[in-house]
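The structures considered in this document are given below.
Note that subunit A is present in both complexes that follow, paired respectively with subunit B and with subunit C.
This part shows the complex of A and B:
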């Protein structure tokens, strides 16, 4: 498979986890594209306008500067989430979703109109830390493994359990002494940091960055990653992000009908798998398969 | 990491030998990455048509006596979508399949994403419709046959001011979230300022807008004598119609976004009289443009020739002619694909071409040098359903092959 497509798939998976994290506390936010755009714009600006980072005339870019950008992009997005989260996380359900859509629009219009972000054309000629697209596989995979590891750790940590408690019943969680605002805010900031870092990666990978990258349309696609993959485990949005990013490309041999088929997949996914492809039940069955006691013949093989 | 680098190199067949012209597999492949889906697909459909007409034209070329055989060309089309990621995927796929050169992508924003990939792999790109500043500067393998708006846009303003030198009050409209419209309006406004005219009203709209009552009302309060519009076809057509319906009677100059017959059904009889500068005129009376129009009439009798179609035709034509010249000089013998790509790029930039756009050539860095540009006025049929871009002035630009401004010879 084309390494560039693999990188795009990994970026999809990272954005899927970013939408999943607030959902793990029961909060439907669509703010991920805003933080993705903040990270991407920061990387585009720093690497093209700030000579200290060492972009060379041949279009190459030192790796340490790229890693510094990753950290800065994540930090800036996280800071923005901290400021905005305090206000918008007072809202719930559809109202929260609408408030976060507004955030996406504000960031988009700001990037479009700021004097230094290149207007509608955007910023182009972003220097490359790697000689080919395959180079991006390593940082993208590392970022995904790190995010996955954090999500996996959360399952056994107090914070993760508190997140699950808030998702199941916020009032009951508060009665048990959980600072629900803090829990929700933490998940929101983690989601933003991840989206910001992904934006930095994407800006270099795409060679160019403009206001269209973080739009409401992309929010809908990222939400589809989670809905198709399943929102009860971090593996769900990863699978959703990988599959839904790859599918339009893998369907190219079909020709003009490929987007029709893609639409059918998005439609039939929730119809056939209402809880997504990856459900807690499926993970439990897989876990039992991996366990020697769960081999065929033992209790795991019951129909 | 080393394994990944190998993975990247294996994906490029540049080291494979180019087959001989008379071998059974002697055909070389040109790739096209064009927006067939997404919001740029209207342009993509016109481009697909233009390339298919050019292939018909190329297929009918006969070998002259004494000439070596023509090098057959295949064409492989991929959907570039209207976003950056899909264009990148399309470029990567075709480069991996071993194309000799690429045509595309449709939007300038996509070009800034995908062209660096072709540049790094050393694959020649001819852009049929990228008008943003800085496209050929992406690298030596990137060229275009679409003139920058900075060359074309001022011509229509000059024509409007020539018709009515008393114009002092100008209103400007543009969609602020569209890359093409924002760069074009900057040129329009710079041209106006150079003529001593400061816009009395500048109205910003969005790409998706179709109702312009509020900005029009605001602009009409300043009582403009000329309205200059940089908005894409559908929105722009609606704006012109609503301007007239709300009582504006003055001159209208529109930008390249409305340079398509697709506006006729939208603004209907209200389109009549609007001025537009064009890089292509259907009324240009040269053999190759007659051939282009005849081919179009034969394949789609209901479509009028448009600039986007003519530019896509031109993109394929220049590649075809450059390949054949290279073939005649023996530049495709005993070379691998990577060397053939490099030789083709040099041949492409060195050539002169007689195209439906008029005579063209390239600067050494791949920028288009086009001799003639045109100012047209829309003339609608009495029924108001259909019309034409009537050529009112043909302009030679310095550095090009043409002469100075003159009325068209018709």
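This part shows the complex of A and C:
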């Protein structure tokens, strides 16, 4: 398979996890493209305008600088999420979704109009830390494994259990002494850090960056990763992100109709797979496979 | 000076009227079903293209159908009304494909978001396939008979904007009168208030739901036709930004509130019109910045009802 497509699919999976994290606390936010755009713009600006990072004339870029950007992009997005989250997470349901759409649009218009982000054309000639597209496979896979490991750890950590409790019944969780605001904010910030870092990776991988990278459309597609993949486990958005990113490319032979077909998949998916592709039943079977001895009582201790 | 101000206010009120149409389109479906139809922006685009086609506009479809058009075009008013009706019918198809299957299995509201957006994606890309990605401008003779400018209190103002405002006002008045006075309008309101009780009273809630979708699509189609004739059709994605701004207006006015949608639309249009020309790039963010502020201060909108969480 084409390594460039594989990298895109991994980026899709990462963004899927980013949308999944707040959803795991029952909060529908569509802010991921805003944080993705912030991370990407930061990387594009730093690597092309800040000589200290060591971009060379032949378009190559030192790896340590790239790792520094990853950290900075994640941190900046996380900081923004911390500020915005305190405000928007007081909202519920569809109000929260619309407020985060508003955030995405504000960030998009800002990137389009700020004097130093290159306007509609954007920033191009972003230097390359890797000689070819295949080089990006390693950092993308590493990020995905890291994100997956964190999500997996969450299942047994107090924070993860608190997230599940808030998702099931926020009022009940609050009554049990869970600081629901803090739990929701933590998930929101984690989602933003991941999206920001993914933006840094994507900016270098795509070589150009502009305001179109984080739009309302992309918010919907990313949400579809989670819904069609399954929102009960982080494996769902990963599968959804991989498949739905590859789908338009695989449909390329159909020509102009490919985006219509893609829309039809998103339109009919929720009715065909109401719980997504990775259903709770499937997870249980997977869990049994991974644990053939079957600890006694393990089944019963599951909430 | 006065002339410029008057023109600015009129421009604002005219685009505000269109935002109000879109917001009312959301409101109709939201009040009956409690979910937002995210395909409305795509229906807005469709209305614009249908008006253009019905008036005999030529399309090229990326060169696939060079110079193709209806042999006989209608004049603006019948074309606009017919396009709105056709868009309403397509909205019914959207209901059938994106909403009905989920309603039957009582799915969670989140899923409607995805399916309606999927329906919008299909519509926009179908338009792109059939009409091409290029923009179209209505012929200069589209509004033949209407003078280019009107003389109001000694100031000359563009008459297209007056037409826009008048059509929006007429649509809003007809809709309000229908909701308040007619039997079917009141039945719709009853279903919106309490579907179960309405059903016990013998109201066919399914029919009311379809009526809401028909009207909602027609309002969006009307908006698309009006923007098309007053500005142009920049491409199949034109409706997305109007759909998003309508969403901002919807929340601004309070979900499910008809007067709120109208007031919110006008407010948003006027606020945008008052953005100075050298900051016009930021204009698109204004609606969302206002929305953000409103959500902070009044989470249920300017005219919305406060909802109390119950155990």
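Keep this in mind: the second predicted complex is superposed on the first by the 283 of 303 C-alpha atoms of A that agree within 3 Å, B and C clash if a C-alpha of one lies under 4 Å from a C-alpha of the other, contacts with A are read in each partner's own complex, and residues count from 1 in each chain.
We take it that a contact is a pair of C-beta atoms (placed from the backbone, for glycine too) under 8 Å apart; a residue touches a chain by one contact, two chains touch by 3 or more.
Just so it is clear, the model here is predicted, and its values are computed rather than measured.
Q: Looking at the overlay, what does A:79 touch: subunit B (first), subunit C (second), both, or neither?
A: The answer is neither, since A:79 touches no partner chain.
Q: Quick one: classify A:68 as touching subunit B (first), subunit C (second), both or neither.
A: So A:68 meets neither subunit B nor subunit C here.
Q: Tell me the contact category for A:150 with respect to subunit B and subunit C: first, second, both or neither.
A: neither
Q: Touching A:256, do we find subunit B (first), subunit C (second), both, or neither?
A: both
Q: Is A:283 contacted by the first partner subunit B, the second partner subunit C, both or neither?
A: So A:283 meets neither subunit B nor subunit C here.
Q: Which partner does A:138 reach: the first (subunit B), the second (subunit C), both, or neither?
A: first
Q: Tell me which partner A:112 touches in the superposition: subunit B (first), subunit C (second), both or neither.
A: both
Q: What is the contact status of A:159 with respect to subunit B (first) and subunit C (second): first, second, both, or neither?
A: Neither partner.
Q: With both structures superposed, pick whichever of subunit B and subunit C touches the larger number of subunit A residues.
A: C
Q: Scan A:270 for contacts with subunit B and subunit C and give back first, second, both or neither.
A: The answer is second: A:270 touches subunit C but not subunit B.
Q: Residue by residue on subunit A, keep only those touching subunit B in one complex and subunit C in the other, then list them.
A: On subunit A, the overlap between the subunit B and subunit C contacts is residues 112-113, 256, 259.
Q: Considering only the defined contacts, which subunit B positions touch subunit A in the complex?
A: Where subunit B meets subunit A, its residues are 1, 4-5, 7-9, 11, 36-37, 78-79, 83-86, 88-89, 92-93, 96, 108-109, 112-114, 116-117, 120, 132, 134, 138, 176-183.
Q: Of all residues in subunit A, which touch subunit C in the complex?
A: Checking each residue of subunit A against subunit C gives 28, 87-88, 90-95, 97-99, 101-103, 105-106, 109-110, 112-113, 171, 216-217, 220, 223-224, 227-228, 256-257, 259-260, 262-271, 274.
Q: Along subunit C, where are the residues that touch subunit A in the complex?
A: Interface residues on the subunit C side: 35-36, 38, 97-98, 101-102, 105, 107, 109-111, 113-115, 117-126, 128-129, 240, 244, 247-248, 250-251, 255, 281-282, 284-285, 288-289, 291-292, 295-296, 299-300, 309, 311.
Q: Any idea which subunit A residues touch subunit B in the complex?
A: Of all residues in subunit A, those touching subunit B are 2-5, 8, 59, 112-113, 119-122, 124-125, 128, 131-135, 137-138, 206-208, 210-213, 248-249, 252, 256, 258-259.
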